[in-house]
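Okay, handing you the structure first.
Going in written order, the chains are labelled A, B and C, and every chain counts its residues from 1.
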Amino acid sequence: MIQHLVDGILVGSFLSLGAIGLTMAMHILRFANFSHAELLSIGAYSALVFDKLFESLLPILAEKIGPLSMTGALAISIVLSMAITGLSAVLIDRFIFQRVRQKGEELSMVFASFGMALIIRNVIGLVFGLSAELYSQDIAFAMVVSRDPLLLVKPDQVFVLIAALVLMFILHLVLSRTTFGFSLRAVAENPSLAQVHGVNLKRMIAAVWIIGGGLGAVAGIFYGLSYQITPVMGRDLVLPIFAATIVGGIGSVYGAVLGGFIVGIAANLALVILPSGYSPSVPFLMILAVLLLRPHGLFGEART
Amino acid sequence: MPEALLSVENLTAGYVPDLPILSGVSLTAEKASLTAIIGPNGAGKSTLIKVVVGLLPVTDGHIRIGAKEITGLSPDRMTGAGIAYVPQTDNVFRTLTIQQNLDLALKTHGNPQKRLADLYDRFPVLAEKRRDRAGALSGGQRQFLAVAMALAVEPELILMDEPSAGLSPKAAEDVLDHAKQLTAQGVTILLVEQNVKQALRRADHCYVLAEGRNQIDGPATQLLEDPTLGRIYLGGERRVPA
Amino acid sequence: MIGVLSYLVFFTTVAAILSIAVLGLNLQWGNTGLFNGGVVASFGAGAYGTLILGGPPQEGQLGGFELFYPLALFGGLLFAGGLAWMVGKLTLRLRHDYLAIATFGVAVAFENVMRNATNVTGGAQGIRGFERPMMETLGSGLTYNLAFLISVLVVLALVYVFLERLTVSPFGRLLRAIREDETAARSLGKAPARIRLLAFVTGSVIIGLAGALYGTFYAFVSPQDVLPILTFQIWAMLIVGGAGNNKGAIAGAFLIWGAWTFSGWALSRFAPIEVQLYTGSIQFVLIGMVIVGMLLWRPQGLFPERLVVSQPGGGTREKTQAEGLT
């Protein structure tokens, strides 16, 4: 039970990171982007490429940092991958979503995002192969935190949780302390008023994609560190991430953070009563529960 | 001869190209004066202001600030051109605090600290509530915040869309009085009003719009006496160019 | 020769069944502007429902009631409609994102449950041993398949006529009105949420009908038949055909199904062995590109909707909608 709870918190840390970008994009661009989880794949795979590259160029970077399976090479790769993924998100928006929006309406964007998800996922499969990859081939040993009840935690998981919380705190500071953050929130609330006060809408939309892509990349890499990297990871993560945004209330960054942890914990606790095969259904059950009890989520506001 | 700050020439515009809301509207607003635009519902008054600030596209005509052409400038570059806009509703960011609203408006100001202090001096009620969310303000306070945000960038011209709408009579008078005071400090104000008497009492010059066209205009005090005004409001007389 | 003929019969049967599903989706998306990210759940509900109710008992498995076929079919449609009603009831009052996410979720959960609830659905093995109706009279050869094809074509024609009538009926006009301007429709005293729910459920039942026929045709259904790709295929068919256009929907179904089977055949015939492992990936990329490409360059579809706008005088005027999907 305790083990499930702890595992759930760890899963929650990367679900939250993924959900933040999704909820921001949904709020500002007003469409449900079903290709958002593919940004996690792009992030995970580009980090894999950089990681291998640095390890072969500078073997010293292949040294592990402390008890982690993380290396210096991977640490640098995370930063580069955030940039690459953010840039990909901006380009996908510029060349696909914006053009579809001009031709049709919100619904067309949702369809287009499904199409993009299908393309990205399968192109990754074609380039990197369908089998799973790992950042490190070594087996990471879990630390025994407690024997009764038995509680095992891997050092990597602790790192993932702390790093995720640090990133979320930085985002919180940006949103609550900087005029850039105020501009983002202003655009989300009232785009034309924000423009009238000198906010450049295009630049803010690009910023949303960069933030969403950057955090998504970290989420994907952390998922890869915790499990493995596969071309279909986006397909498996898209529903839990959407569930996190709905639980938190679409448009709320803080809701997405909380929603991510709630979905992560619930999906793991559900394993106590449900056979493990059913875990992919848990996010859907959570969506149903939220829609029944509190349709606008924990922090969402009614908007049609 | 007083200097014209804003001049609008033969402006045709609307939401979609084939369906103009405004057809050939012209007006000028003189420097440091209060110009009012009045007219019946659906006359295109708010549309006119939105077109001037770049929120709606121009089909034909010119908009100038002094000698500088600003036709078709995107809305986020209006503050740079010295133009501020106070929309009728949703004119503050409800989810931000008052301080954050003002910080955002001051984003491009050279000395935001100093300017913020000035604004708080001018609107003590805002200073008092600086940490509250703007959504929690009363109607009149919200209107003052909106005006303060417009003033933040020290604009030459402020466009106001029905600043007194939805306010109590007292708050409405306060807001309009404040607009009048601003002209004494050299700011040019162009406002749209439903509240004809109140607007005309303070305005220097007034334009009457109906069906997207200029009807009559003149010094505000003269228009108050003009019988044509009543007829336009009652829907009788329209001056439509042949 | 018999080989070619029986293949043609087989191909046409599947394409016609998928056309029925595309017509159901068209009612939801084309006519009502509702997003259905879980086409496959309605399709699967129809197939599983019919086969569980109409199939023979299996050891260690619930169900297998051997119901009279029309009754089993009805049960399948009820299952598809019920599922749609539940999702629609919860989401149709909210902004459209919620419907998109919830329908997508129901499809994921549906496949997951079918795969795991072994004692009802046969799990990964699926439901086997279903006896197709009229087998005793018609045998199992080409004759049966031809008869089945004709029945499917009749059902397709009935659905088509039903939907065409619906589009020009007052109800159809109401759907269009709500799609164009919800506030106006509401101010006229119509309850948009209820009407959209009705359209959504009806569309899902039609998709469920396609699923039921599909299950009956193969006399077998497994989780492999309810993978998300089917949703994307059916969308691609509608997008290519032009949303809002029933004839286009059918044409799109035949076109995309033809392209899909052809590309699969060509890849397995001509591609090197190492590439063949990736046949699925290549085909998925192609479907994704059809969806995105059409939305980018020809959002009105290959066969644009011929909108019938009723005039106050009672006459009708036809116009070609060129602005895109709404």
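The rule is simple: a residue touches a chain if its C-beta (ideal position, glycine included) is under 8 Å from a C-beta of that chain, and two chains touch if they have at least 3 such contacts.
Values in this document were obtained by computation on a predicted structure and should not be read as measured data.
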Farthest chain relative to chain A (centres taken as mean CA coordinates): B
Chain centroid nearest the full-protein CA centroid: A
Separation of chain A from chain C, taking each centre as the mean of its C-alpha atoms, in whole Å: 32
CA centroid of chain A to CA centroid of chain B, Å: 44
Distance from chain C to chain B - Cα centre to Cα centre, in angstrom: 54
Residues of chain C touching chain A in the complex: 29, 33, 35, 37, 90-91, 93-98, 100-102, 104-106, 108-109, 112-113, 115-116, 228, 232, 235, 239, 277-278, 280-282, 284-285, 287-292, 295-296, 299, 324-326
Chain C contact footprint on chain A (complex, rising order): 26, 31-32, 34, 96, 99-100, 103-108, 110-112, 114-119, 121-123, 125-126, 130, 235, 238-239, 242-243, 246, 250, 275, 277-278, 280-281, 283-285, 287-288, 291-292, 295-296, 303-304
In the complex with chain B, residue positions of chain A that touch it: 179, 182-183, 185-186, 189-190, 192-201
Partner chain A, residues of chain B touching it in the complex: 53, 55, 74-80, 84-85, 87, 90-96, 100-101, 103-108, 149, 153
